[in-house]
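Shared between the two complexes below is chain A, which pairs with chain B and chain C, respectively.
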Partner chain A sequence: MIRNGFLLLLLLVLFSVFYFSLQDLLEFQKTSASYFLEYGLDETGSSNLVTSILLDYRLFDSLFEAGILLIAVSGIIWISKHEIEEKNAEFMIDKFKTPDLFVTFSRLVYPLMLAFGFYIIINGHVSPGGGFQGGAIVATAILILYYIDAEKETNIKLIVTIEKYLYLTILVIASLSFFTRGTFFTNIFDPGTFDTGTQSIYLIVLNVLVGFKVALGLWTIFTAFLKEGR
Partner chain B sequence: MPDMLEVTAYALQVLLILMAIAIVTHKNNGTIIILIAVFSLVTASLYVINKAPDVAIAEVAIGSAIIPLIYVISISRQREFIVLDKAMDDFIISDNSFTGVGYIFLKRFTDFYHLELNISNDVRLCSLGAGRDQLLCEETNVDLIITKDEDTGKYILKGKESSILMNKLKQMAKDYEMIEVVTFKDRDFGD
Partner chain C sequence: MDPLLTFIVILVGMYGLSTSKNIIKSVFSVTIMESGVILLFLNLGNTEGGSIPIVSRASEVIADPLPQALMITTIVIGSTVTALALMLCIKVFHHYGTVEWREILARGGGK
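Showing the complex of A and B:
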């Protein structure tokens, strides 16, 4: 009873902290939000302001965010590593066979999901979405593939290697602006001399790279889960 | 007249709290997974109402597709009890169906713990000698090995000593004349 009361008190304190910090944030929002609304499109070439913040104004933060996923993936692989090669028994009756209805339906949905994922990645600078969201959808499509064919073999080592090189490529492309504009982690094309159409090329390239990196990272995570105990 | 969108947002927030309580209090794992997926769908619609479609897409993809699918995989893997049948006679299968004495005994045991009984007669594993039974239990996902003692005609069930399930199995086997339960001592690893 005392413990429950203590928990309730903790929740109340947390709630009030969030409430008062929200009041402070509203003051701050008036200045920064109006700035992004006014200059966002001209300075970054992205009509989706979330993408303009993620891939231009706060690209330095986004790079570390992408790095966190890479670290999480390597941690999961390290935990699920087995010293001994597992020889698993084949079953007389497989009770976890996927229902036929599910398999047929997945075959229909799989290409649509893949196309939708790529659409969200490529259109990240004009409509809601972007590299991370599209990558997650592509990863879900690949996960459904495992339900269609349970015996599918994947080379985790190759996927992780590709992911690492993609991350390095993202870092290189993000710092290329040092040679064209003199500052790190912003658009390669100077907004003064190039129009928004040219600037969006950089956003598309970075969105596609981030999308592939996220998709490969999530793919590795659930392959590690699938291998466990089979 | 109040704003329709605002009323919907409040209704969804109340629904969210109810979902959270249901997830915590519910007992059935399958239902909990569905509830988690619905929880993130409601959250995503709240994000859309609050004009954050970017976050909503991420929430739908991660919260209601990837996380439930990973939960489904891990829960279905945990609930198996795998038995390797080395005896290969009417102990498990009699008259071409699972009606042998041993099968009924093991089924009673796994039903007690709400596990899925899965019996294997993998030729590759059965051909290994009796001396390697312990190694087999440690290195593969097999939980129990059935062998037959040719002299006494008794069936011997072998499993790891560290498993709590084995104590219960020993207790249940007392009623049967023909079944004997043997456990392996745990070896020290990592020296």
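Showing the complex of A and C:
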């Protein structure tokens, strides 16, 4: 009881600290939005300003974000390693317990979800979305595929290898701008000489690569959890 | 929504983290704290009456795209770290047969 009282007191103190720090934060905000609105499209070729930050202004950040995803996936696989190699994960999803209605509707919804995910990935520079969000949708569609076909075999090692090579490809493509513009981690095409249409080629390529990498990573996490559930 | 409400969400997560007796509930408390941080950042980047940060559909005032881009990073990293923590939970359960903090300590965990 006394411990709970102390805890509530501590939380109250923390709340007041937050409250007073908020006053400083409110003075600081709303300085960068007008800059991005004015120069974002011309400098990066991306109409979606969030994508222009993720894939151009702060690309260094996004690369390490994708790297952390890769490291976490490797960690999950290493923790869940078994002596016996299982070929598939059918013992977790029992086909006889899954309702037929669910399976039938999954068959209908699955291609739509896959197409929607690819749409989000490819249109990441003009509409809301991008590689990370679209990759999550594609991974969800693959997750539904497990319910449709429980005997489907997945080779985790192959998926992780593909993911590693995709990450290397992303690093190489992000560094290519050193040879064309003299700076690392920005658009290959110089905004002074190329129009926004040409610049968007780079954004589409990078979005597709990031999207596939995220989808494969989440797929691996899902399969590792299925194999662990005994 | 007021930014102060997001502080309450963070504090709810802290309370859960310090009182929960179950490992999985502790992981969920961290996730709740993370949601509070995400809400706080999106709240501070928002402008009254501002439109979405897409040039072709923007009005004169837009919401700040920088916190939104940062929060994508937070969401992706948060989900993977949660997955890693839950996988460790499964391993702890296989080893000790329970996911209660006190029972694990009583059975000689953490030594």
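One rule holds in what follows: the second predicted complex is superposed on the first by the 192 of 230 C-alpha atoms of A that agree within 3 Å, B and C clash if a C-alpha of one lies under 4 Å from a C-alpha of the other, contacts with A are read in each partner's own complex, and residues count from 1 in each chain.
Here is the rule we go by: contacts are C-beta pairs under 8 Å (C-beta built on N, C-alpha and C of every residue); 3 or more make two chains touch, one makes a residue touch a chain.
Quick caveat: nothing in here was measured; it's all calculated off a predicted structure.
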After lining up the shared chain so the two structures overlap, which partner does A:S74 touch, if you call chain B first and chain C second: first, second, both or neither? neither
Which partner chains sit in contact with A:T169 here, chain B, chain C, both or neither? Use first/second/both/neither. neither
On the A-aligned overlay, A:L226 touches which partner chain: chain B = first, chain C = second, or both, or neither? first
For A:T198, using the defined touch cut-off, is the partner it touches chain B, chain C, both, or neither? Pick first, second, both or neither. neither
Quick one: classify A:F132 as touching chain B (first), chain C (second), both or neither. both
Looking at the overlay, what does A:V50 touch: chain B (first), chain C (second), both, or neither? both
Per residue count on chain A, the busier partner among chain B and chain C is C
Partner chain(s) touched by A:T140 [first = chain B, second = chain C, both, neither]: first
Could you give the residue numbers on chain A that contact chain B in one complex and chain C in the other? 48, 50, 128, 130, 132-133, 221, 225, 228-229
Given the complex with chain A, which residues does chain C contribute to the contact? 3-4, 7-8, 10-11, 14-15, 18-19, 44-45, 47, 50, 52-56, 58, 61-66, 68-69, 72-73, 75-77, 80-81, 83-84, 86-88, 90-91
Help me check something: in the complex, which residues belonging to chain A touch chain B? 48, 50, 84, 86-93, 95-96, 120, 128-130, 132-133, 136-137, 139-140, 143, 218, 221-222, 225-226, 228-230
Using the touch definition from the top, list the residues of chain A that touch chain C in their complex. 4, 7, 11, 14-15, 18-19, 22, 25-26, 29-30, 32-33, 36-37, 40-41, 47-50, 52-54, 58, 61-62, 65, 68-69, 72-73, 75-76, 79-80, 126-128, 130, 132-133, 214, 217, 221, 224-225, 228-229
Sort out for me which residues of chain B touch chain A in the complex. 53-54, 56-58, 61-62, 65-66, 69-70, 73-74, 76-78, 80, 82, 84, 116, 118-122, 124-125, 139-142
